[in-house]
């Protein structure tokens, strides 16, 4: 069993003909993931990196049997492209782009749920089940198989965390980048449920930040009697109030948004909280027991 | 068998506490229809005309077993009220009001279809299956049971037609007011299909007008090899181009919208077309054979 | 309610759709404010279609030409409307003209996208292809792409058109538009698209949540003949016609049916007048006042088949109204529907004849207006 | 991006939501244009919350008072912003103050409606009830009614609030707003509702289809410090802070993590500077130029963990940049991620040390800025 993707996932890269699409194709193939199709709308359909290219997602799914997709298009085109891969039948879809209007994120989240599919993103590097499959562009060398489930609002922070854990010999069952926007295809509470249900995951580590309320989902989970052990790092302690820190959702508007309040709530729920990256591995070890 | 409503239909009047709601309650009860509930939001819930009144549609449907509804609220409140009766489980809903933004009509049509329900309207007096049930406010004395299925874009014209047919001894299986707006919960093509499938209907009469394209649905139907005999009256021959004649959809914009073009298309499809109300009964007789 | 080109283009621009940078003028002397280059286009701003065919768009090469053209255009009428403003724009060089629209489509139960790879004023003769998706949430760029691929071979243009179609839909739903049409939609030398015209039709029913629709509806009413203005102000539906028989009716269908029967009997209706939106004593009084005051109206036919309108109340109103009425124009009455029996009694008591059928009423009307 | 009250109220009015009839002034002398009655409210127009508590709303009883108040208000600062305009409105008598908002809610995966039967500036302490419906098409007036019924006993007010909540949602989706908040929402003596304030926050990501968001974002940038303006113009994400350690990072999470680690090491970051949106030679050059030119910045930490950003390219850029750099401020580098091995080689070749961990980089930074 695995979370969302595994070795059987047949990956479609939508927007494969762009620079980033080509890089991602090479990177995914190198990671050992099964990339079966690319889509390049309005372009020619000669194979790229040995991957067959189709003019639309429906043909790609029908001809190549794609089941999961990562979509590389700019934000104004994301609504249409993600709807296309959802309509084509992909059950796990990553949209990594940032700058997506929140209204479009709402529409895509609703569309995915209606089809029984899972959207990861926007504003995420995707997800990786180390040793099984990757649907994203995180650096593969940062990850290794193991029992820790990782959830992160930030891409870069999740690479750093993955690298620290891997360097310390703490492997990961699945690392999910839920993204830095306020409305997410898969939010923290839902990602936690997936890791909770996964038998290969024995502890959950959450990388959060200021703004939004995803962190409280972890606190609620940790208080359940059947919860797996949890650890967390919440960044943004040094961020001033009222300023958006890069991510659309990373803004301290009210007290509930602050790092201190979040950490207090998590500690009250007996989550192993790291103060900074320095104690991340310790917190993970404490959770893994 | 019957079309949409019959003696088993349990009717809910939403907005029963207003003047028109009270009139309609008396009128429906007098027509022999089974009115089981009224809804009066934000008002007291003493019975009206002997009908139990509930604070919301969900309670009305659960407590009184309503299956069909007619909704009397002004256009700005229609989206919310009709969604409420659809969510409560009513499978046939009439919204008679006019002046509904077309965007709201689109939303309601989509919502009804998603729930496997049928919305009649906006801008309609509703429908009647003479001798069985009525879900509307057409004058009951104009109708009598019989084999002719009647579809009309105009309320007033359908009363006149019903009265003429009834006076001439030509009874009706069902009279459906599809309404005068461009986007309809039930459009002409769909109403025709319902009458086509109804065993008690042996011929179909359609009352149309200038503007829109519903009339061409009848022409297409009449050309089918399995079509029942059809008759039609299309009004608006004397209407000038470019002017909206009361109904939101009754406007001659292009040649296809005109009465003459529509009549020509219907005649080409061998529909029995009446030139004016004078020959309506003759056309119906010709269709009934 | 159709917006002028300038208002429509402002709305496009407000939603990120490129349009030429223009100048709106209200007097021909203001042509002097045009500081951009020539040649330029001067375009009459009117709330009706067919302007191009009617000479409402003029190309000018220098300022004197522009002033002459402006004076000419201000003097023209388009579907009975004098332009209250002109739009001056640079004459934009382009390589192609396309047609793109999103519009309400009854068959689709919602919206359709229309596209033609050749736009211009004759586009309605070269039928555009139609992508009928219905509800806004059911728009699919890939379905539109599949339809466009065989007819639009320039992939870059096609992709820009698809993105623009999505945008026009967003605009339509945001501003309650029933049509957002760009014709022509120019393809520039660099492949980008530019809206050379804009026809945006707003949904009058949405005036309660779109203040500019309410305001424009009020302005549009002021362009109507005085009689129609008064009728609309009294919540009666009226369209002025050029005949001499006043028709007081109820419901759009019955009013049109009555007009058609008048015409078939060799008579000419003076109006479409539907009182069903205000079937009160005040409403009928206003209807009679308007028709009695209009010199060309020789006689009045009251033709009402009421459902929600109770005709016994109509009869009572007619009784009182006829008792106090000064005008001697003949009135022929035929009412039926809800409360019909009481209506008959009330009219009979008042000495008014209620014709049993429209046919009999029309015979009476023909007799009433026959030259003696 | 938060709209000023005046802009927000204009948007409400454009969608049929009643607001007081006000006058916008840009200089205190313009108070004389106020022709409506006194008492009046004079309100500072700023793009931040908490104005009421900060004395940004003044009641005045006559013109002299108004002029004094206007002068005072123009001189005040709100969250660092001087009001560029004031709004004068009649002081409206009302019977109650409510709170109503529609806002993006991550937990709901979309929008929530918030309502409190007592509005005013302290509302956040009296938590409003929340109706979390998510997608706009899932808003249900009857579900909101069920939540309101126990807390809003005035049925007429409740029904008006429900209708207004639907309208606010329509506005939010039409104009790409993440928050449409009315606080206070006044109940007038006749039971009607009037929006006494408006806080509308627009979604900056929607600037491509909402030209006014694009324009306001540009205006808002001009209020930023010059260094931040230049960074944003170069497509770098920057927030100015008051410390002395320049931080060049990539990704919001890693940048914040770096700031936190600097703080934990007793150092103070001079900025949040995220180059991941422009990880090019030009982007890094700009980052160094800005920090090198800023006198208070004593040293620079480059902390990048790249995924989509290839750190071998970053290393190449750093190599060239350091070769040509004039400033002698110490630079500590720690990069990792995609292409890490090539990056190490490139830096080594250039004589630059790539710290293996952030901890080691921070130790080096502490040493570098230690008072000698």
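For clarity, chains are labelled A, B, C and D in written order, and residue numbers in each chain start from 1.
Assume a residue touches a chain if its C-beta (ideal position, glycine included) is under 8 Å from a C-beta of that chain, and two chains touch if they have at least 3 such contacts.
None of these values were measured; they are calculated from a predicted model.
The chain pair with more C-beta contacts between its two chains, of B-C and A-C, is B-C.
Chain A and chain C, compared by their mean Cα positions, are separated by 52 Å. With each centre defined as the average position of its C-alpha atoms, the distance from chain A to chain D rounds to 25 Å.
Residue positions 76, 107 of chain A are each in touch with at least two other chains.
Of all residues in chain D, those touching 2 or more other chains are 137, 173, 208-209, listed in ascending order.
If touching chains are joined by edges, the resulting network of the protein chains shown has some other shape, matching none of path, cycle, star or complete graph. Here, these are the chain pairs in contact: A-C, A-D, B-C, B-D, C-D. Residues 137, 140-142, 145-146, 149, 155-156, 158-159, 162-163, 166 of chain C touch chain A in their complex.
In the complex of the two chains, the chain B residues touching chain C come out as 20, 23, 27, 75-76, 96, 98-103, 106-107, 109-110, 125, 136-139, 141-142, 152-160, 163, 180, 182-184, 187, 189, 207, 209-210, 212-214, 217, 233, 235-240, 242-250, 254, 259, 275-278. Interface residues of chain D, counted against chain A in their complex, comprise 48, 79, 104, 106-107, 109-111, 124, 134-138, 173, 176, 178, 203-206, 208-209, 237, 239, 241, 249-257, 259-264, 269, 272, 274, 276-277, 304-308, 336-338, 340, 358-359. Those residues of chain D whose C-beta lies close enough to touch chain C in the complex are 13-16, 137, 167, 170, 173-175, 208-212, 214. Contact residues of chain B toward chain D in the complex are 41-43, 56-58, 76-77, 79-81, 83-84, 87, 107.
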